[in-house]
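Several structures are given next for inspection.
Two complexes are shown next, each including chain A; its partner changes from chain B in the first to chain C in the second.
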Partner chain A sequence: MGNEHITNNGLAAEGDIVLEVKNLVVHYVLKKETVEAVNDISFSLKKGRAIGLVGETGAGKTTTALSIMNLVPDPPGVIKNGTINVCGYDILKLKHNELKKVRGKDVSMIFQDPMTALNPVMRVGDQIAESVRLHENVSKAKAYERAVEMLELVGISGERASEFPHQFSGGMKQRVVIAIALACSPHVLIADEPTTALDVTIQAQVLDMMNDLKKKFNTALVMITHDLGVVAKMCDEVAVMYAGRIVESGTLEDVFNDTMHPYTEGLFNSLPNLENREAELEPIPGLMPDPTKLPPGCSFAPRCKYATEACSAKRPEPRKVSDTHTVLCTRYDDPSFRIKRRQSNEQHVS
Partner chain B sequence: MFIYSIKRILWLIPTIICVSFIIYALMDLAPGTVVDSMITSEMTKEDIAELRAQYDLDKPMVYRYGKYMLRLVQGDLGKSQVSGLSVWDLYTSRFPMTLRLALVSLCIGVAIALPLGIFAALHSGTIWDNLTTGIALIGISMPSFWTGLLLLFAFSYHIKIFPSGYNGTLASYVLPAVTSGFMMSASTTRQTRSAMLEVLRQDYLRTARAKGVSERMIIIKHALGNALIPIITQVGMMLAFSLAGSVVIETVFMWPGIGQLTIEAINRRDTPLACGGIILTLILFITMLLIVDLLYALVDPRIRAQFAPARRRKSA
Partner chain C sequence: MSNTFLEVRNLKKYFKSARGYVHAVDNVNFSIEKGKTLGVVGESGCGKSTLGRCVIRLLEPTEGEVLFEGVNICKLNNHKMKELRKDIQIVFQDPYSSLNPRKTVLDIISEPLKFNKIMPGASRADIENRVVELMETVGLAERLINTYPHELDGGRRQRIGIARALAVNPRFIVCDEPVSSLDVSIQAQILNLLKTLQRERGLTYIFITHDLAVVNYFSDEIMVMYMGQTVEKAPSDELFRNPLHPYTKALLSAVLVPKVGGNKERIQLRGEITSPIEPPDECRFAKRCNYCGDGCKKGTPPLIEVAPNHFVACHCIGKDKNTLTLQELDMAK
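The block that comes next holds the complex of A and B.
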C-alpha cells in the first residue's frame, strides 16, 4: 500500500500528464433511442494545471466528468470507445475493487448540487473522515482529526464537524463537498459546475478558495462550467464542447483572444458587455441539436451563420492551428476564412 | 422531546375513558352475563337474583361502569369475576408469553424482510424483483389463521416435528413465530424495497462512490442508513400489533398470552378482566408507537433538530 503511494507520487511529478482522455465515446442506450452524449473527445491535463470544459447544458460535459470517475450510470450509459488514463491507471478497464482505490485518492469529484450531495444522516466530519479512512492506513481518531483540519481549510470552524448537513447553508455544504474531495489530496479534481447552485456572492468565495487549495495541493483541475468568467478566473486551458464534441481547445489566450470556432464566438457574443451596457446581447439562434438525432455533418452547422453546404455534408476534422490551439471547423479549409467576433465585447486575458 | 412525550402520554386518558366505556357498553349489549355459567339447576329464582345482585347486574350498566372507573382512577384494575384473581396479576403473568413470541417473530420477520427488500430494490424491474414482491404479496394476502393452519397441518399433523401448541419447549415457538414473522416480513419487505428504491437514486450515494466507498458499504451504510426511517415505522407498528396480543395466532396455536386471556374473558363475559386487559394493551400499544416516534429522532438528525432547544439550532 505504502509503496504504491510512492510510485504514484513519483509518477505525478511536476509537468507530468496526470489525466489523459482519448477518443471517448459515451452513449445512453434507451429502449427507443440512443442519446449520443459524448462523441469522440480527447484531451489531456498536466499536474497542477486547470482545464475548463465549457458548453451549454446537454453538451456532454457532465458525462465526460462521470466517465473519468467511471461513474456513468449504467444502464443506460455505455462507454462505447476510448481510454481514460488517470495517473497511470486505465480507469475504464479497472475492476471494481481496484477502481475504489483510485476514486477519492487519485481522482475525486465535486458535484453540481451540494444540497443533495451529502448524506443527511451522517455527521459532516464522519463523511470527510470516511474518505481518509478508506485510502490511508490511519486510526479512526486520526482520520477525524484530518477531517477537522480539512474543514478549517475550507473555511468552516472545526467544531462544526460533529454537525449534520442540514445544519449547513448551501455554500457551506459545497465547502464540505470540496473538503471531502480534497481530503486525500488527489492528483486530479473534477469540479462539475461547483458554483451553479450557489448565489453569486458565495460563488466568488468558493472559487477563490478552490483556486487557493488547487495551488496548495498542486492538483490538476477539470472545471466544468458554462460560465466563461469562471474559466477565465480558474483555468489555464479551455475546451469548448458542443453536442458531445470538443469544437475548440487551446490555452486560455488561444480561445479567449484568438477565437476560431463560430460557436465559441457565439458564446462570447452572448455575454453582457461591461463597457457598453446598452449593447444588445447577441444570442446564438436556434437550439442544440437533439442528441438522439445528430446531423451528419457539423453539429453546429444548422445554427452557424458561416455555414456552407460542405459543413452539413461532412463531419469536420480537428485542425491544429498552433501547438496548443485546435479547432473543429470545416470552413478553415478556405485559408481566407476568418470569424468576425464583435470587438467591443472581447474579453482580454491579462 | 420531553414535552412532546408527556403530551402524547396525557392523550391516553381520554382514550382510556372512551375505550372502557365502549367495552362496558358492548359487554352489556352482548347476550348472556358472567353469572350464566354459575347457575346450577338447584338454584331458585331468589338465589339467581341474589347472585345477579352480587355482580350489580340488577343495576344499569352506567352504575357498573361508574363503579369500575372510580376504582380505576385509584389505580385498581379490579378482580376477575370468574376466578377472583386480580386483573393486574393475571395480565402480568401472561404478558411474558406474548412478549417472547412477539420478539422472536420480529427477529424472524426482520431477518427475512431486510435482505429480501434490499435484494428486490437492487434488482428492481428484473424477474428477481417480481419474484420477491410476488412472495410478499402472497404474505400480505394470506390471513394469519390460514397460514397458521397450513403450517400446523404440514409440520405438526403430517410431519410431526413441531408441537401444535405451547408446551414449554423451544420447539413450540417455531410454528407461531414463523407464522407471525412471515406476516410481518411481507409488508416490511415491500416497505424496505420502496424505501431503498427511493434512496438508491440519491446524489449522496454518487458522492460516496466518488470517495471510493465499496458497493457493499454504500448499500449497508449510506443507503440503508437513510432508508431506515420508513422501515422503522413499519417494524415498530408490527411489534406494537403483535404485542397487543396477536389474538388470532394465540388462538390458533393455543398460546397462553394476553390475546387469549382477553378472548377468554370476553367469552365468559368477565367484564373487568376484558376491560382491564384491553386498557393495559392500549397503554402498551400507544407507548410502543411513541417509542417508534422517538426512534425516528435517533435515526434522522433532521427530526432530532426539530426537538432540540432553540439555542442549539443554528441558522441555516
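The block that comes next holds the complex of A and C.
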C-alpha cells in the first residue's frame, strides 16, 4: 500500500470516528437536465454507533450510501464535491484495486432487496466464502468453514450452506446477505432499507439479530430507512434528509423528543398513533420537489406551514442548537419561533 | 344483527398446484355493518388479498357464500353481476401496475362510467365534467386530465385508482393495501381521503393491509389471518388492548413504535409462515407457537367468541370460556 490517501491501516479503536462524510454533493447529469440528488451533506459516525438516515423516496439516502462505497454509477452520477473517510481511507480518491480491498473488508453494504442481491446460480455457502477469500489469505476449506459459522451466526443451520438462494424464504435470504456483509467483520456496515421487503415478525427477527451482531463485532451502522420505528429501535443518532440535504440531525432523543424541523414534525404527524387511534393524521401537503428543479431557497418551504417569504428567498444554513443537535431552518432566525410539536412537548414537560 | 351489509360464510378458495391444492382462503366467516370498516391483517401469503378478491368475485370462491345485502352474489349470473359491480369496487395495492399506461386520466376514470352506462345519452362534455368532479373529490388538479399515468407520482396514481372506483358511486370498496407502496407523508394524505369519503358517502370498506398502525387507525373491527384462516377477530380497541391469540400477540409486539425507548422486549416467533399446500388438520400456527402443546395437533381450532364480539381460534383459549390457560402457561415458564 503506502499510499498517501491511507493514513492508518484501517484500524480503529473504541470511540474513534470510523466514517466521516464532508460536504458531499452528488448530481446525476443527464442530457437534458441535472438531478441534484445530494446537496452538501456532512456527518460522522463513531465505532460501534448507529446512525439512521431517514427520509422519503428521492431524499438522496441511497445515493449517499452508494457514495460511501464509491459505487455511484458514473455516468450519469458525478460526485461534485466532498470527501468521505472510512477508517482512514479517503474513499473517493482510491484507485479501483485499492477500493476492492476496502469494500467488504472495512465497509460493506446490505441492499434493500434480498431477492436480487444474491447470485441465483451459486450456493449460499460459496457466496459467503467468496467474500472471505477476497479479503483474507485463507484456504478454500477454511473460508467455507467460516461461511458455515456465519450462517449459524445469523440463525440458519450450517447444513443449508450447500443450498441455492431460491430454496430460502425472503427473511432467510436477507440473513444470508447480512452474513456476507459481516463475514470479514467490517468497521462500517451500511444497511439500505434492510427490512422493507420483509413481514413484521420477520423484520423484528432480522433487526434483533443485526443489533446482536453489531454489539458483538462493534460495527458502526448506517441505517437507511423511511421507518421512524426502525430508527427508534436501532439507532443512536438520526439524520433526517429532504431533497438531498440533512434538515435535522442529532441524537435519537434530540430528534424524537425535541423535534426542531417542520419536516421532521410532519413525518411524525403523518404516522398513525398506536396509542390514540382517534388522533387525526396530519399529512404534509403537496409533494417532494422535482430534484431537477429545486426551489432556490429552502426546498421544504413550498410544503411548510411555517414558511415565510424569507424561507423561499434564502438557502438555509445549518444551525447548531446544542452540541449534538443541528437544524436547517431559516425560521429559527427568530428566537421565539417554535414548531407545534415542540410547543406541546414543552408544555408536557412543564 | 339487522344492519348487516355484507356477510361471508364458510368462504374457501383453493388453487390447484403441482403439489396439491393451495388452501389460500380456508373457511373464513365474517360480516360487516353498513358504513363500517373491517381491517384484514396478516403477513404475506396469509390469503388476505385472495379473500378480498373472492368477496367481490374477481376470483370465483371454491366454496361458501358471499351475501351482499342478503343476496348471495356467488350465484348471480353475469348480467346480474354486472349490475351489482356498480355497488362494489376495489382499489389495488400497486398504483403503478393497476392503471393502463396507454390511457389518459380522462380515459381511465371515464371507462367505468361508459362501461356501466352510468350516464346514458351523456355527451362527451358531460362525461368530462363528471370526471373533473371526481378528480376534485380525490384532490387531483383539473389540469392533469390529459396526462398519462407515467407522468404522475405514486400518490397521484393512487388517487386516480380511487377516483375510478368512485366513478360508479359504489357503496362498498375493497382497499387492497392502498397505501403500502407510498411514502409516509403521502400515505397519510390517502388515508385521510379514504376516511373523508367514508364519512361523506357512508361507504363500507374492507381494508387489507400488513401495517398494524394503519389498520388500527382505519378500522372499526380487525380480523387477523394466518395461512388462510381467521385466528382472531375483534373491535380495533379491544384487539390492541387485549390480544389473545399467540400470533396476534407476537404480531403486535413486533410493531416498531417511533418513540425513544418505545420498543420493549418483543415476543420471539420461530421460523416463518410455511406452505399452505394441503395443510394437515391441526392448528396451522402450531409450528411457530410458543405455547404449542400436544392438544394443538388435534384438529383445526374453531373460532370461539370469548368476549362480546371477540373471536379467537386457539386450542389453548376459550375451552371453559376463560383465557386463563395462556397465562398459566406463561406462569409455568
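Following the convention adopted for this analysis, the second predicted complex is superposed on the first by the 330 of 350 C-alpha atoms of A that agree within 3 Å, B and C clash if a C-alpha of one lies under 4 Å from a C-alpha of the other, contacts with A are read in each partner's own complex, and residues count from 1 in each chain.
Simple rule for what comes next: a residue touches a chain if its C-beta (ideal position, glycine included) is under 8 Å from a C-beta of that chain, and two chains touch if they have at least 3 such contacts.
The model shown is predicted, which means the values in this text are computed figures rather than measured ones.
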{"item": "Overlay on chain A: chain C relative to chain B, clash or fit", "value": "fit"}
{"item": "First, second, both or neither for A:Ser169, with chain B first and chain C second", "value": "both"}
{"item": "Which of chain B and chain C A:Glu145 touches, first, second, both or neither", "value": "neither"}
{"item": "Contacts of A:Asp126 with chain B and chain C, given as first, second, both or neither", "value": "neither"}
{"item": "First, second, both or neither for A:Met69, with chain B first and chain C second", "value": "first"}
{"item": "Greater chain A contact set [chain C / chain B]", "value": "C"}
{"item": "Geometry of the superposed three-chain model: angle at chain A (Cα centres of chain B and chain C, steps of 10 degrees)", "value": "80"}
{"item": "Which superposed partner A:Asp16 touches (first chain B, second chain C, both, neither)", "value": "neither"}
{"item": "Which of chain B and chain C A:Val177 touches, first, second, both or neither", "value": "first"}
{"item": "Contacts of A:Lys101 with chain B and chain C, given as first, second, both or neither", "value": "first"}
{"item": "Touching partner for A:Glu136 - first (chain B), second (chain C), both, neither", "value": "neither"}
{"item": "Minimum C-alpha spacing, chains overlaid - chain B and chain C, in Å", "value": "6"}
{"item": "Footprint overlap on chain A, where chain B in one structure and chain C in the other make contact", "value": "169"}
{"item": "Complex contact set, residues of chain A against chain B", "value": "69, 71, 96-97, 100-105, 108-109, 111, 113, 116-122, 130-131, 134-135, 163-164, 166-169, 177, 180-181"}
{"item": "Partner chain A, residues of chain C touching it in the complex", "value": "43-44, 153-155, 183-189, 191-192, 210, 212-214, 216-218, 236-237, 240, 250-251, 253-263, 266, 268-269, 272-273"}
{"item": "In the complex, chain A residues that touch chain C", "value": "56-57, 169, 171-172, 199-205, 207-208, 226-233, 252-253, 256-257, 266-274, 277, 280-285, 287-288"}
{"item": "Chain A contact footprint on chain B (complex, rising order)", "value": "202-204, 206-215, 222, 225-226, 299-302, 305, 314, 316"}
